[in-house]
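Pasting the structures here.
Heads up, the next two complexes both have subunit A, just with different partners, subunit B and then subunit C.
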Partner chain A sequence: MRAVSFESVGFSYPGSRQDKSSKQVFEGLTLTLVPGKVYVMSGPNGCGKSTFAKLMTGMLKPDSGRILIGENDMVWMGLSDIGKHVGLVMQNPSRQLIMQKPVDEIAFGLIHRGMQKDEAANVAKAALRDYKLTEIADTPTQKLSKGEQVRLAMASVAVLEPDWLLLDESLSCLDGASRSKVLDKVARLVRHGGGALIISHSKDLAYELGAIRILIERGGVSVVV
Partner chain B sequence: MWSDMDPRSKIFATLCLTSMALLVRMPLAALLLAALTAAALIAFGIDPKGPLKTLIRLAPAMLVVAVLQVLLVRSGRTVLSAFGIGIVTTGGLGAAAFMVVRVGIIAACGYILSGIGFADFLLAMKSMKVPYEIAFMAAMGAKFLPLLAEEMTDSLTSAELRGADIKRMGIIRRLRLYSEVLMPATFTALSRAEGISWALELRGFNPGAGRTYWRKLEMRMSDWMAFPLGIIAFAAFLLANY
Partner chain C sequence: MSVLVLSGIKFAYSGSNRKVLDGVDLSIEKGEAVLISGPSGGGKTTLCLVAATIIPTRVQGDFSGMAELMGQGTRKLGPSGASEYVGYVMQEPEFSMIMPTVEDEIAFGLENRGREPAEVAVAVEGVMTRLGMEGLAGRDPRRLSSGEKQLVAMASAVVHKPQLVILDEALSGLDDDKRALALAELDAMRQGGAALLIAEHAGTGRQAPFLSARRYVLQDGRLAEEVSG
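Here is the complex of A and B:
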């Protein structure tokens, strides 16, 4: 399991056609996320939480500084390599569900990682049971409830056994029962040595999980243990 | 210079440019047309870097089509041959070059149109007697294209993070993946359209009802100038090409 390190990372969004000035989000951000721990990141809207998630998954590249997974600079890694270490559940999980059937959705990553179709289907069925999704096994993925979509997205990422699980405000739309199920899975991943970063508006979540809280505010990042 | 021009002038200018792009036959006319489009971009206050970036993004697809045209179009003089078989002809090179110019002009026109605000576009369409429903549909479609693109990017990123190495994937597997990614994006677009139609109706939107507009579009001298300029350019273009 590998740590993720941000070393003096600077990032800004280019200016729009109307407003030419670029928007600086991070400047000199230095932070190390150590596996085996849960981090909860919070901060006001527009402060850069989702940008942090996109940087951590290689969807965005830093303007300056570097992001390391273990000893490897992410800038030299393709998304499929980064995905071996960081699994992402997007803020809107319906955007990441590609396949028609939940079982195919979970098997998708396994097949692309080289597993035989039959074996992948068996693993996917077991994951559906594990994530309490067997009842919706035949429901098209886009017709699932938000909570079911989050659990399915999480299952499809978790079966690939990444070092890190990144939940980008995925808990905000869940009811109590679904939320507990998702947090149980996060806890299990951490028990197995992995790490989790949960982006959330909830200030209490870090206390509830005994997690390390990362506070992002415009202009700075602070870590509260 | 003319960045605050009336949307009708912009629509007319893009109509002229895209029509000429589709009809162009002479290489010199194509170059002049590209220059005219660049001039129009600058005149409308659009930084040419934007359309240029779009073209760079489209470059791989354009390259594939250009290569196919070079290899498949057999007209003109043979430029390159191997074992007595003509591989590249002047006709093929010309077809590829025309395709690149056409795509560039259409992308530039897209940029000019995307600079028109939603309400201004609707007002312009209404003043040109386009049925409101059609104008509204077109405006909504244009408004959500970037969102649709963003959703497809998210889906592709999710696939890549789960091991789908798109860059090294064969063309058949890649096409299959794109078709799979298109499905959730289309579903989301449809459900969003449904949500918007409900929200609009709940707020009393009724395209059939007569209504007044607070904002009025006014044509200024520079706007009126765009029409004879466009007509002269189009006439000169037709004379030069046909």
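Here is the complex of A and C:
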């Protein structure tokens, strides 16, 4: 299991045709996330929490500085390589669900890792049971409720067994039972040496999980142990 | 006259036998707030779509029961007729954003009602100030963070002072400061006579006491009033 290090990372969104000003989100951000820990990230709307998650998954590239997974600079790693280490459940999970059926959604990543289709289907069915999604196994993924989509995205990511699990505001649309299930999975991952970063507005979550808090505010990041 | 009356509402989405709503009765009066919680997939979003008249007019499925908004049948009223009465903040608000700047997005509904430009500008500036959105002026709404998009969607939904505001998990992505401003705006509207229908997960309905809300749980398509204490 590998640490993820941000070293003097700068990032800004370029301007668009309508909105010409570029938006600086991070400048000189230095931070190391150590495996075996849970981090809860919070901060005001628009401060860059989701941007941080996208940088950590390689979906965005820093303008300056570098991000390391272990000793490897992410800029030299392909998305599939990064995906072996970091799995993300996005704030709007409908954006990451690409298959028609939930079972195929879970199997998709496994098949692309080289697992045989039959075996992948069996793993996917077990994951559907695990996440209490069997009842909606035949419902098109885009017709699921947001909470169901979060659980499906979580199952799809978890079967790939990444070192790091990133949940971007994923808990806010889960009911109590589903939330407990997801947090159990996070705890299990951490017990096995992995790490988790949970983006949440909840002030209580870090205390509930005994997690390290990362507070992002415009212009700075602080870490509270 | 009630703002919203739902009686014996049943609905199953096209291609599915599962009744997402299975006999829902609910009425909301002027100045009332109603908070709906319940498990994922329990039907909260579907109930919001019924209240907004999008079901049964725009979403296919097996619908039965009686739904009235401001005394008019929702099937006849439809979303365009209902838009005069309803402000709807969807769970994923970016799907409803179409204009190039935040101000244009908020102004869109008023401009389409033929309001004078000066009146529109005052209304837009007012709601942006009350919701603490001054820093978003001139920004492209599609390039904002999810929480900021929720704010823009809320401003767009309330700027024309609708009789019914529907919020589907619409406050979950707001930080504490913005949530407080949003709640103050909603409470002012409620005290001015607007009705509020708020769908949120159990345990996240912290705003319910603030808004003096009646609380219900929607589970397996059925609505049950939550007894406080």
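By our rule, the second predicted complex is superposed on the first by the 219 of 225 C-alpha atoms of A that agree within 3 Å, B and C clash if a C-alpha of one lies under 4 Å from a C-alpha of the other, contacts with A are read in each partner's own complex, and residues count from 1 in each chain.
To be clear about the criterion, a contact is a pair of C-beta atoms (placed from the backbone, for glycine too) under 8 Å apart; a residue touches a chain by one contact, two chains touch by 3 or more.
Please read all numbers here as calculations on a predicted model, not as lab measurements.
Undergrad: Now for A:His112: first (subunit B), second (subunit C), both, or neither, which partner does it touch?
TA: In the superposition, A:His112 contacts subunit B only.
Undergrad: Touching A:Gly210 in the superposition: subunit B (first), subunit C (second), both, neither?
TA: neither
Undergrad: With the two complexes superposed on chain A, say which partner A:Ser156 touches: subunit B (first), subunit C (second), both, or neither.
TA: first
Undergrad: Would you sort A:Ser178 into first (subunit B), second (subunit C), both or neither based on which partner it touches?
TA: It touches subunit C, and subunit B stays clear.
Undergrad: Considering only the touch criterion stated at the top, classify A:Thr141 as touching first (subunit B), second (subunit C), both, or neither.
TA: first
Undergrad: Name the contact category of A:Leu79: first (subunit B only), second (subunit C only), both, or neither.
TA: First partner only.
Undergrad: Mind working out whether A:Ser94 is in touch with subunit B, subunit C, both or neither, as first, second, both or neither?
TA: After superposition on chain A, A:Ser94 lies in contact with both partners, subunit B and subunit C.
Undergrad: Is A:Thr57 touching anything from subunit B or subunit C once the two structures are fitted on A? First, second, both or neither.
TA: The first partner, subunit B, only.
Undergrad: Shared contact residues on subunit A for subunit B and subunit C?
TA: Of subunit A, residues 92, 94 contact subunit B in one complex and subunit C in the other.
Undergrad: Contact residues on subunit A for subunit C in the complex?
TA: 13, 16, 18-19, 21, 23, 42-47, 49-50, 91-92, 94, 136, 139, 143-148, 150-151, 169, 172-178, 201, 203
Undergrad: Which residues of subunit C touch subunit A in their complex?
TA: 13, 16, 38-42, 44-45, 91-92, 94, 100-101, 135, 138-140, 143-148, 151, 169, 172-178, 201-204
Undergrad: Sort out for me which residues of subunit A touch subunit B in the complex.
TA: So the residues of subunit A in touch with subunit B come to 17, 57, 59, 78-80, 82-84, 86-88, 90, 92, 94-100, 108-109, 112-114, 141-142, 156-157, 160.
Undergrad: Using the touch definition up top, name the residues of subunit B that touch subunit A in the complex.
TA: Its residues touching subunit A are 46-47, 50, 115, 151, 154-155, 157-165, 167, 180-181, 183-184, 187-188, 191.
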